[in-house]
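In the two assemblies presented below, subunit A is common to both, partnered first by subunit B and then by subunit C.
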Partner chain A sequence: MDDTTVYRTTAWSAGPGCHGGCGQKLHVKNGKLVRIEGDENHPWNQGRSCPRVLAMTQYMYHPDRITRPLKRVGARGEGKFEPISWDEAYDTCEKRLNEIKRKYGAESAIFVQGTGRDIGGPITMLAYSYGSPNWVQLGLSGHSCYTPRLGAMKTVMGDFAVADCSQYLERRYEDPQWKVPEIIITWGQNSTMGCPDGFFGSWVVDCMKLGTRIIAVEPRNTWLSSRALHHLQLRPGTDGALALAMINVIIGEGLYDKEFVAKWVQGFDALRERAAQYPLDEVAKITEIPAQEIAAAARAFARAKQAAVQWGVPVDMCPDGTAVAHAITCLSVITGNIDKPGGQVIARPSHGVTSYPFSTEELVKLYGADLIARLNEKRIGADVYPMVKNFRGWAQPDMVIDQVESGVPYPVKAAWIQTANVVGGQSARAKFHLEALKKLEFIAVVDLFHNPTTMALADIILPAATFPEKDSIRSWWAPLISIKKRVQVGECKSDWEINFELAKRFNPEGMKRWKTLEDMFNERLAPSKMTVADLQQQGGFKMPEDGPFKPYFRHERGLLRPDGKPGFNTKSGKIEVYCDTFEGWGMDPLPFYTEPPQSERSTPELFKKYPLVMITGARSQLFFHAEHRQIPWLREKLPDPTVEIHPETAKKYAIYDGEWVYLENDMGRVKRKAKFSLQVKRHHVHTMHGWWMPEMEGKAPSLYGVGDFQINNIIPGPQCAKSGFGGGQYKTTLCTLAKISA
Partner chain B sequence: MANYSLLIDYDYCTGCHSCEIACQQEHGYPVGTNGIVVKEYEYEAGGRVRIDYLPFFTPHCDLCKDRRTREPTPACVKHCQSACMEFGLTKELAARMGDRNRLVLYTHNPGR
Partner chain C sequence: MTRYGMVIDVDRCTGCFNCFLACRDEHAGNDHRPVSAAQPAGHSWIKVQELERGSFPKVKVSYVPVPCLQCTDAPCMRAATGGAMARRADGIVIIDPDKAIGQRDIVSACPYGAVFWNDVENLPQKCTFCAHLLDDGWTEPRCVEACPVQALVFGDLEDPTSDVARLIAQKPVEALAPVPAEPPPVRYLGLPTRFVAGEIVLGDGSEECAEGVSVSLRKGQQTFTISTDNYGDFEFLGLEADTEYVLSIEHAGYERFELHWNSSADPNIGTIVIERAG
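Up next, the complex of A and B:
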């Protein structure tokens, strides 16, 4: 290892694909990454790494990686591409997108991203420089991933909050300010299987070792639920009823934090009345959890001196995900756990720096109030859904694809797709997305490998860099981080670099003030009074100092509100469990429960035909969503897409363990390998999402087998949330099992 | 010669696969070869379904002999996400097992 240099950095996609945050040591020899190891001096992961990071050398230097810009030379789907220069690629994108702007208006181009990679910053910059308001996680029905939770927290509390596992403190578990949560509810979140939303999953395990007890709200049996104090094994999609019943128990039995409620909560009596509509016996029937277990869990949570909730995407995927997130937030609020050590701490991007805009406020800060207001005029869904209009800047994804198809009220003609495999990944009714998008006049895709989306749709493909190959900044949530480029692979460029260079072409005047990308990073870092160079000098990361960006008890110390007064960052200064803002937007000001659109209760006839509740999307550490199936070390551990079936259910369908079967409903059928498992209840099945086969034919109609293996082919749309956020039916769709006959 | 071992607190193994890939990266092992393999177990106990994971060591495990000339711990121990693996002298680890539950000690004594 003599001539090897070791560089410390932080992982944030691409590569592991995830939401990032962990410190890594890059071992670089002759300009090549030869090894990667966790950084033991980084407070986030303390030396640990996940399989996807540890397989980075296979990912970065994979023979199939796209390392030069490509243009399509055959028909779409023929799989014929030729390498071109970056200049030609940029020229083509500029020319084609400008033509579309002239002919139809800038709103006719949509800017599509996937999940929480280092993308929110660069893609909004590009979309707004071009002039389009339509920034969207296309296909993700109801934007059912964190946005509903973010929207609920921000509106009700004036801020976001996260489970406190000491992540804001550099000394972590040893910092005397921190307290071990007595209880963590893992709500729809199998924490050991991934690191979503700025949270390292194994922090929960660290806390368990220090004494934390788990309440697992989880329809499956998992490692975590096996070890839980209470396992609330709910029927998928009934989380809202469960949360309201728990609130009802806590208030009814006088277990709430009376002092906190009196001082800091608005609308408590209204919440009490609402929760009273969810009596235990009724909710036990709805959720399929015994009443006494719900009550016992509610009591344990309320009686804990400090308790936290680490929640996941199933919350968003409930019908009316925003209302469910509102209800769960109320649990933390009425028990006085907000911004308390070991509770639910207010989470703000470190040092007030925005790297990925999570709220309207941050968008306004980056792009100005005028622009953000103007975006509402043409932004798809802003005139229909109150949350889409008033929170963050997304277009409504289900409406976007319908508009691609219908051309009403205005035509959609182009798509910029970056960090998203729309056809093989997140899209509910995936086939509809594929067919509708084929109509577009121009599609550019930024990615690292060919996939069903590049094959079916791309006119231009731009090769993206992985995290050791890029410069960036990160403030999700803490510490504040600089990421420094250490190696180059082919001609790949970072998402930031690509978008910066192209944005300069669309908006030369507006982008003039930043000569380099680093100039822009430095401007965005200004609230921290540090530059990229300063951060690098300090080791690449910096925890926030005491103040608005570091817990605890900031509401008491006047650190949350712009006026410096004690209280929360809401109009009333209190946490508005009865939410006037929601009411003003024409929404229910209180949390409520909605039955899933397909279920034994809501569609008994359909249930007779399709008596299995299909849960999709449980995570594995091996793959991030639709990625990594071509990485040998990872694929080896999970070669086939399985469906977990209870052995007794399998017997009923005469299916043997390991047999290839169909999951089937009125939308079609998808192939899976049967895996007998006690992890699912008898009337549930689970299957992982994101499957396509890089080893199969890429050309249409195969598209790497996406027609056979993409589970979202049989997930319906549109979403079903009154707010416009939430309600993707990824966890609650009904299906049956069928043998593949010879 | 000092005898070294790995001590696994398998109540905390979450099946994250980090040890497996860490081993393959460390040794440059191709697909099909690994010093450590994690298995999943499902069973019923105490009225509940339990899911456990347990790493199993193959003869390809050399306790990271080469690595330990420059790093204090084997690659699997370092990267274990739930930090449930320890490396040390067999005697010391065995002594520390004491009355703790659900531990496995893996010894590796080449040439014996």
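Up next, the complex of A and C:
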């Protein structure tokens, strides 16, 4: 390997597909990536990687990868595409989107992304340069992924917070400032199976090795729950009741942090009264967890000197996900764990730099208050839902697709879809999405492989780059990172490059101050007083120094508020567990519980017909959401979409292990292979999401088997959160099992 | 003289498949003769087996990675003919990719399913401890390097200061079943065993967990006694297979509870409510 050069960069986006953050060593030979390994010098992952990174060479040089821009030459769904030049591709996008703007207004084009990758930055730049307010995770019912949690934290605490696994300290576990969390609650988060939301999953295992005990809030039995101090095996969707019952125990038994509460918490008595409405016995019935187990877990969490919560997307997918996130936040607050070593530390984008806007504040900083206010006028859902209006800049996904269908109050005519497989991925009522989107006049898709979305809908396809093929910056918590391009595959370009070019065409005036993408990155990096070149010189990353962007106890030191006074970044300077801001927006100022819209309790008749609670979306390290099914090394270990069924349940339905069956409800049926498993309770089934079959026919109507295998065909919409954020029914839909008769 | 070995800490393994992928990346399309030919699709030179034990509400999920154990007395070697297999001085058991052509018996001779058949090359193949890398100066194989939780510990068994030798000296390491007479160089920590676990609740409506209740497990003449923890939970690990056990619970002022079962299956115990005596 003498002629091989090793480069260091950071993973984010296409490739592993995840939310990124790990340092990787790229072994490059003759311009080609030949091997990739975790970078032992990088504090985030300390030399580690994951199966999807280890399979990068297969992903990047896959024979099916799209490496040139394509235009559709047959009818939509016929699967006929022809390669074109980048110029023609850009010209077409520019011309068609400008026509739509002239005819219907810029708001008639929607800008669609999927999971938390390096898309939020480039796609907002493009949408706002074009003039559309409709940036959306289309199909993700209730925007039930992270936004509800972010919204609740920001509103209640004035900041975001994360479980402290020493990730802010360059020396990590060896830094004496850090303390091992005595308890980590993994709340709806199977940490060993992935790295979501700017959190490296193995950090939890690292902490366990150092003595952390786990409280697993999780309906399934997992590796983590098997090793937990307490496994709170709740009924899916009842997380809000559980959190409130725990608050009630902690306050009722006087186990809360009295000093912290007196000094830093507003509305504690109101919270006490609210939580008292959730007595243990009642909540035990709601959640199906024994009362003494809930009480014991609450006590263990409260008695720990320092304790943290590492939570996941099921929180957002509860009905009223924002309220559930509010309740769980209160647990950390009343136990005084905020910004404390080994607790829940305030998390801010590193050095005050924005790479992926998480809040309205950041959008305003990047694009100006005027523009953001103007965008609110036509943004779909902003006039209906208080959180949609007041937090971040998303359009409301369930309303967007309804509007695509109805054309009311204004028509939607075009979509820019950026590495999001809407048809095969996140869309609840997936078939409805497919049919509605077919009506659009123009659809451009940026992606790396053909998938059900490109096949069914794309007029133009732009080939995106993987992370070793791109330049970018990243400030998702810490450290501050520059991602550096080391190889080129075909004619692929990064999402940033593609959007930068088009944004310049749509808004030459506003974009003219940046000649190159790097100019713009450097401007965005300004709060750090570093440039891309500086960061590269330092090895590609820089940890924040003591100050507003690094823990601990910043509220005591006056580092959180713009006025420099001690306190939190809220109006009162305290953490508002009784949240005036929510109240001002017409929402409940206190956390509350809502029963899932389908359940034994809320729909007993439906439950008789469909007595199984279908949990979808548990993760595997092999696939990220709807990706990687065409990567042989990964697919080999998980070749078929399975449904985990408790053996006794399977017996009742006369299903044998390995049999192909239907999961069925009033919306239709989806094929799965039965896998007997003790990991699910008797009246639950679990199945993974994101399944389509790259090896099947791509042309419509097959669309890679999406009609048979897309589980979201039988997940209903619309969302069910009063705030507009939360409540996708991905984990609580009722179903039954049926044999496939020959 | 170096003798390579590995300790696999099952308690740490989260089933992430990094080891499998790293092995694939090292060997797929890469011929490392004389120690190995390229690894084809379908081979798992390190298998990650998922195991589920127990019953609601005490279910345990574990993952057991199984590479070639480099057996000290290797049945595969006895099945090989014509010098197709050899043990190196460092203990690594090697299938010669040229001499082993056609020798399917090597696959069936391995009691751990560690040898895989290559249909195209007509060749049995397996883990080599990445001998080509060790010979090149590496200190550990690819799978060990890739494990994110250090469940795989590799080193020189002869060097008492190596991590692997220290683990073997200090921890209750075991051999994978079927257990051979001579312990193999690859050994395990925390292999899943049958267990019995439950939680005890006092049947008088009080909400407190039944802490400090005495729980005994009897097997023939042997009795083990423990007390429930402050959550009322108890757990006995390491039960022997196919054995008669008696579980009894005694608590002053409460009725005695007794359960008999055979450990060929995990007993369904769950929550035990003990009632006030009298």
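By definition in this document, the second predicted complex is superposed on the first by the 742 of 742 C-alpha atoms of A that agree within 3 Å, B and C clash if a C-alpha of one lies under 4 Å from a C-alpha of the other, contacts with A are read in each partner's own complex, and residues count from 1 in each chain.
As a working rule, a contact is a pair of C-beta atoms (placed from the backbone, for glycine too) under 8 Å apart; a residue touches a chain by one contact, two chains touch by 3 or more.
Keep in mind that what you see is a predicted model, and the values were worked out from it rather than measured.
J.: Please tell me, clash or fit, for subunit B and subunit C sharing subunit A in the overlay.
T.: After superposition on subunit A, subunit B vs subunit C: clash.
J.: Is A:104 contacted by the first partner subunit B, the second partner subunit C, both or neither?
T.: A:104 sits against neither subunit B nor subunit C.
J.: Looking at A:205, would you say it contacts subunit B, subunit C, both, or neither? Reply first, second, both or neither.
T.: both
J.: Contacts for A:290 in the overlay, against subunit B (first) and subunit C (second): which applies, first, second, both or neither?
T.: second
J.: Tell me the contact category for A:682 with respect to subunit B and subunit C: first, second, both or neither.
T.: second
J.: Just to be sure I read the superposition right, which of the two partners does A:231 touch: subunit B = first, subunit C = second, or both, or neither?
T.: both
J.: Applying the touch criterion given at the start, work out whether A:636 contacts subunit B, subunit C, both or neither, answering first, second, both or neither.
T.: The answer is both, since A:636 touches subunit B and subunit C.
J.: Applying the touch criterion given at the start, work out whether A:280 contacts subunit B, subunit C, both or neither, answering first, second, both or neither.
T.: Only subunit C; A:280 stays clear of subunit B.
J.: Enumerate the residues of subunit A that count as touching subunit B in its complex and touching subunit C in the other.
T.: The answer is residues 35, 37-38, 48-51, 54-55, 57, 192-193, 202, 205-206, 209, 221-223, 225-227, 231, 621-622, 632-634, 636-637, 677-679 of subunit A.
J.: Using the touch rule from the top, collect the residues of subunit A that touch subunit B in their complex.
T.: Touching subunit B: residues 1, 35-38, 40, 47-51, 54-55, 57, 192-193, 201-202, 205-206, 208-209, 221-223, 225-227, 231, 621-622, 632-634, 636-637, 677-679 of subunit A.
J.: Please give the residue numbers of subunit A that touch subunit C in the complex, ascending.
T.: For this pair, the touching residues of subunit A are 35, 37-38, 48-51, 54-55, 57, 192-193, 202, 205-206, 209, 221-223, 225-227, 230-231, 233, 280, 290-293, 295-296, 621-622, 632-634, 636-637, 677-679, 681-682.
J.: So in the complex, the part of subunit B that touches subunit A is made up of which residues?
T.: 11-12, 14-18, 20-22, 24-25, 30-32, 42-44, 48-53, 70, 75, 78-83
J.: So in the complex, the part of subunit C that touches subunit A is made up of which residues?
T.: 11-12, 14-18, 20-22, 24-25, 28, 41-42, 52-57, 59-63, 145-146, 148-149, 201, 207-209, 230-232, 271
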